[in-house]
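Let me begin by presenting the structure, written as structure tokens, before commenting on it.
By written order: A, B, C and D. Residues from 1 in each chain.
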Amino acid sequence: MATPLPRDVIADNEALRLLYRSVRAQTCALVIGLSDADTTAQSMPDASPAKWHLAHTTWFFETMVLAAHEPGYQSFDPRYAYLFNSYYETLGERHARPKRGLLTRPTLDEIERYREHVDRALEQLLAAQPEPQTLMLVELGCHHEQQHQELLLTDILHLFSENPLHPVYAPLRRAPRPVAVAAPLTYTRYDAGIVEIGHSGSGFAFDCEGPRHPEIRPAFGLGNRCVTNREWLEFMADGGYRTPLLWLSDGWTEVQRQNWTMPLYWWQESGAYATMTLHGAQPLELDAPVSHISYFEADAFASWAGKRLPTESEWESVAQHQAGDGNFADSGLLRPAPAGGCGHGPQQLFGDVWEWTRSSFSPYPGFHPSAGAVGEYNGKFMSGQYVLRGGSCVTPAKHIRATYRNFFRPDARWQFAGVRLAEDA
Amino acid sequence: MATPLPRDVIADNEALRLLYRSVRAQTCALVIGLSDADTTAQSMPDASPAKWHLAHTTWFFETMVLAAHEPGYQSFDPRYAYLFNSYYETLGERHARPKRGLLTRPTLDEIERYREHVDRALEQLLAAQPEPQTLMLVELGCHHEQQHQELLLTDILHLFSENPLHPVYAPLRRAPRPVAVAAPLTYTRYDAGIVEIGHSGSGFAFDCEGPRHPEIRPAFGLGNRCVTNREWLEFMADGGYRTPLLWLSDGWTEVQRQNWTMPLYWWQESGAYATMTLHGAQPLELDAPVSHISYFEADAFASWAGKRLPTESEWESVAQHQAGDGNFADSGLLRPAPAGGCGHGPQQLFGDVWEWTRSSFSPYPGFHPSAGAVGEYNGKFMSGQYVLRGGSCVTPAKHIRATYRNFFRPDARWQFAGVRLAEDA
Amino acid sequence: MATPLPRDVIADNEALRLLYRSVRAQTCALVIGLSDADTTAQSMPDASPAKWHLAHTTWFFETMVLAAHEPGYQSFDPRYAYLFNSYYETLGERHARPKRGLLTRPTLDEIERYREHVDRALEQLLAAQPEPQTLMLVELGCHHEQQHQELLLTDILHLFSENPLHPVYAPLRRAPRPVAVAAPLTYTRYDAGIVEIGHSGSGFAFDCEGPRHPEIRPAFGLGNRCVTNREWLEFMADGGYRTPLLWLSDGWTEVQRQNWTMPLYWWQESGAYATMTLHGAQPLELDAPVSHISYFEADAFASWAGKRLPTESEWESVAQHQAGDGNFADSGLLRPAPAGGCGHGPQQLFGDVWEWTRSSFSPYPGFHPSAGAVGEYNGKFMSGQYVLRGGSCVTPAKHIRATYRNFFRPDARWQFAGVRLAEDA
Amino acid sequence: MATPLPRDVIADNEALRLLYRSVRAQTCALVIGLSDADTTAQSMPDASPAKWHLAHTTWFFETMVLAAHEPGYQSFDPRYAYLFNSYYETLGERHARPKRGLLTRPTLDEIERYREHVDRALEQLLAAQPEPQTLMLVELGCHHEQQHQELLLTDILHLFSENPLHPVYAPLRRAPRPVAVAAPLTYTRYDAGIVEIGHSGSGFAFDCEGPRHPEIRPAFGLGNRCVTNREWLEFMADGGYRTPLLWLSDGWTEVQRQNWTMPLYWWQESGAYATMTLHGAQPLELDAPVSHISYFEADAFASWAGKRLPTESEWESVAQHQAGDGNFADSGLLRPAPAGGCGHGPQQLFGDVWEWTRSSFSPYPGFHPSAGAVGEYNGKFMSGQYVLRGGSCVTPAKHIRATYRNFFRPDARWQFAGVRLAEDA
């Protein structure tokens, strides 16, 4: 949850209104070209239908903001409270997650009317100079919706990957960019010292990004770019997926259980590798960062390379240095220069692929979940997950920052997740 | 498969053309009012999407008739052979059954164009005086499609039952009719003797309905109507779902595993029972035949009532007597008079609910599957299934006949299946 | 349950006492040479520990006879009623079947004392001229215990087969005997007619073996011997386990799920086949009947051979002819002459391997389970099982008779079950 | 693996011999009073049979020391290499873990002869002044065996808890001791600062206990004793197991899936609570530390109490202070004074119950697994596990030290694991 202090962006009601409008419009833009059925299907329990993302993000504003802080608000359909609650135990019973794909009704049209209904009420509320606490919840809702924009894309890709016809989501490129030149993989050396990590200051951040606190960082080296598909092919050719000693015990279990032999979405076709992307089936780009790999695969690759994954504090302390003081989005530097550029320091830190760290998702010293339903936002997921950093090619640019802690289970593969290596000094 | 002898209906090419057209049109009529998403979702592995039914029945004609017997036929999309094969091992690899709901593409529109493409080719073929063997395959395809018409309806009902909004499929009634008067349940007595069952003669029948053969039928009594919802409530009130001694061992396991306490689609609401139907949520009709029960429930009810389920030969020998010579559809008597009528003999034998028999689905003496892909039609399912007789309120009327052997697993509940009791004489 | 009429064997109290003593002694003899641990372990949920068989058969006499009919009987340990009830819902809660292998206590010694305790009480009861109904329960208990003698051996074999050390249960031969000469497989022809099957008369039989009743048997041919291991190897060499069209749909699912490529207990070793037996690992005897195959495999083999499995009525009507009037054990002809003998009629009908029939286990016309707990004996298992006939090399000789209906699920492989082919005339 | 430098204890060959002898004798003493069957059964995949523990610890010496470093060593039975390898991929194929309970052979007697065989060879090797590297492996084997001594006891308790007869393992007390007086739960305050944790110096430690390194420890308070059964009952009475907001998301899933309502081994009996212990069923001791709880339960309890679990560095920095220089066993202070004593600082840190920390089991900075098979000892388990500290009432006293990092999955409950609370300062 947002840090519970009034901040500039909130004080500036107009800025928040613009944020709200642009985020809401962007979500709608994501489903242009998708059919009613495309937005309804659910390809696995971890993924959700696009239509559900549209409705759930709306439900969030309706429930957390309008129902709680706008007296006299008339809900669009009281049954939606049950249908579109994701996991908030505070807010009562909800529809079973694995059955989201069965909700052929309400239709996509109805959900779009639902969005308009809530948008009108929200605009009225914002016009009426609400309390700072209410404004902060609106801001939180915008960032929550940006998270779902990314998930909508990862989930559509997974759905389309299950279709033998390989449908094209969008002709536009939404894939990790290759390095301009096949830059050799080198390591930038950092000295030992005490670093500060975690969010502070006036920008928005989720509750789990704070409190800012010092950590001891040992001397280490950080890879100057992400691992590429070309390098991953070497790992495969060297028997990486058949050598148990490279793997964590749980990872090797998954390799065998799921018959992993290559990243998700890859396949072999007449001697070469192809991959499923948001613009359909494509030949593999050898110099692009490898993506759609699990933590287990990232860790095994690092073992094979004689390296390791970076920790959160190693990654963030370097990224802060590049992005400015802990909040990337505020720095104006939304997308750093492409790799292969000047060569000073690590490239591709932001906006290519999420980078697995070796850090479990756990509370920073002094962390306390917020009171109320929004307290369920992050804290209750602090077991069994690893932190990823940096943002991917499908992360909204304004959603990327150096302190951002994304997290997934170590066997998850459907995100745009890759690997950057580190080494002990 | 159809008995491999030329028959009248086939000799009459024009009659077959009319059959083909009416069956194909009826299938399309079933999806009027359904959205693209409604026709795409799959609510459980046993059920299939409506769109898939539309495509698979078309694939049957394309593969079994056009590809095999029409030189120069151009397939609509060669990838459909993989997507819409149901279970024919002879015809190669196929899309995994539990993933049918992920096929948001092709869209419903595209499938309708696919249907038109095949219809045009089929009409041309029929116009060209094909071989009798080809005509028989067309006839088989029509009856195959009628089976899928019923499944489309049972599957849509299951999908809509999973939706908390209880969508209405159709305002028209498609539910078992109540008996006109609450007729008391009596038993018509039949003497022991040798009866002949199984298909013979000129009408169409599936391969498993023959050969016609004699069986020894002991003296017995057959219930004059189906068990009603009212009677089922008595069974429930008497602890029927909590008394293991009433149940087959496997049945009791299912009761516990799935927490069965009433038929599928029932629930309690302010003291009364409601049920999900094709015209939405409705109050329970007490004098209608109970429906959506498993074999295990039917058998437990019979034990509770001190009766038993009839055998196939008991049922069919009585039904033939009513329907005429072994083929109900040919008799012109498509829907028998409602129960509560004259009271002579069993009522509701045809077209209300499928009636579970105590007979396992096994081959009649002398049965041999046909050669080729159509040989996979019925024979390979002859284990683990029980036979149901009579046809339901969603069975196409022309598809009902006294020799018809429907079959499902004993735990299946999503069909319009009910129970008629029998007793030893 | 035994037919509820007093019969000679019961009238002869002394004969029953001898039966009781010999059956009880034979069970104890089966565990000579087994360790406490050998008799405790459970290798799968379908199998039970040897110690459990010793205790459960004793519990049967204690509960059904002594507790019910012997006033003042003191139970050995009242907690055993819970531990050693197999599946009788009438008799209350019981220990979970899959956890039988965790009962390291009571020890084998304690169970043997339990047996002595019950034996003493039972002898006293028999000495006191009890009611015929009580005597019939004692007789039923003896036959029940003979069933468990066979299961004890099949379960020990399964346990030892899971041990890479291949322990030897007994140096004595307990395996299907090979045919003396590699007799060619021929078919004895039988004419169509009405046959009577099912138990009648004075000997013991389980409830499900009656009532005796007429059935119409079509003309058919029955294989003169069981299928041999040599013939099974031909099926394997011809791709039998890789050809889906030979299999029932459920069978093919099992082939893939369990990776069946040969009968249970077979493996390849330096080019030849070996098999696990009760006397340890042994080379495969090519002319012995194939054993440890499922119904699905038996049916697929028959399809491959262009034949089919016999029905119950076909098998029994032929077997009666050989064994005398419906009760083999009474005929004195306990083990028929080995195959390859005179060549008149089918050989190996009794005591080699159980022979899968194509008949589902269902009630004979007029069958009613007995009242009380013994009514749970057979009737509640009449779904999902197939009948086997003839008895195996580990069936007690006195337990073999022409009317005996053994039954197992179609995927069960750990019994000594094989296949005899039949053909339509 | 042991730190790869020669150390005093190893230089002193005689001390190692004494250690070896005492550890080996202690293991054998643990199975006195157990039957062959007791030592064979396996009550769940996470647990192993006692006999397997006896054999596997012997296999470790045979494989890691004798086979690798003693030319001419004759193995007792070459098949044991397959049977008793636990999880070492380096050392080839092994028997499937969930099937350990099926190994009724070799018998307990044979395993004891196997132990003697290896002991004789090991003593000869030690007498022959082996290389320091070999000595270190012997020392590692002794500590490895101590780990299995504890597991043998936790596994026997689990097995006996599954037996409705509640067998008694030992009349001696092996259970967490109650606090002498119901001491109120207070928190000792520690200031923020840089602490050093991890093993260093001359004593033995496992590889994952190092390298010693600095960490920033925030100001915090540590509970002066463990949470008691009495306090746990308050948590239960307050609906702790029914309040989802207290639980981690994964924890709540387990609560529902496994129907947790109290710690493992508890049950209610005539209004009071009883619990299964190594000396049989016992009434619950209200002032003893709660035990047999999962991480999820520990964490939920802390949330309910408004506190949190300590981190590894918080726990170890306090424990070092008490135990001396990082190695408790060496300090001679094997069992600290019982709680309720002088009141200075936390009590019950060592030897009562393992204490869940909130730290995931992850590598210390600079950690590298050893080369060879022993490198699989700890590193490959560094995902999905939480660290426990302190040792329990069944941990060998010499095996307890302040740097020891035990680890289990967050849903594991069969260990003697409890909870000590911490709070932010």
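Following the convention adopted for this analysis, a contact is a pair of C-beta atoms (placed from the backbone, for glycine too) under 8 Å apart; a residue touches a chain by one contact, two chains touch by 3 or more.
Everything quoted here is computed from the prediction, not taken from an experiment.
Ranking all chains by how far their C-alpha centres lie from the centre of chain C, first place goes to A. Averaged C-alpha coordinates give centres for chain C and chain D that are 47 Å from one another.
Between chain B and chain D the centroid-to-centroid distance comes to 60 Å (mean Cα coordinates, whole Å). For the pair chain A and chain D, the distance between C-alpha centroids works out to 38 Å.
Residues of chain D found to touch two or more other chains are absent. The touch graph of these protein chains is a ring, one cycle where each chain has exactly two neighbours. Taken together, the chains touch in the following pairs: A-B, A-D, B-C, C-D. Contact residues of chain B toward chain A in the complex are 35-41, 43, 79, 82-83, 95, 99, 101-108, 159, 162-165, 167. By the touch criterion stated above, chain C contacts chain B in their complex at residues 87, 89-90, 194, 213-216, 218, 244-245, 247-252, 295-296, 299, 358-360, 362-363, 365-366, 375-376, 380-384, 410, 424.
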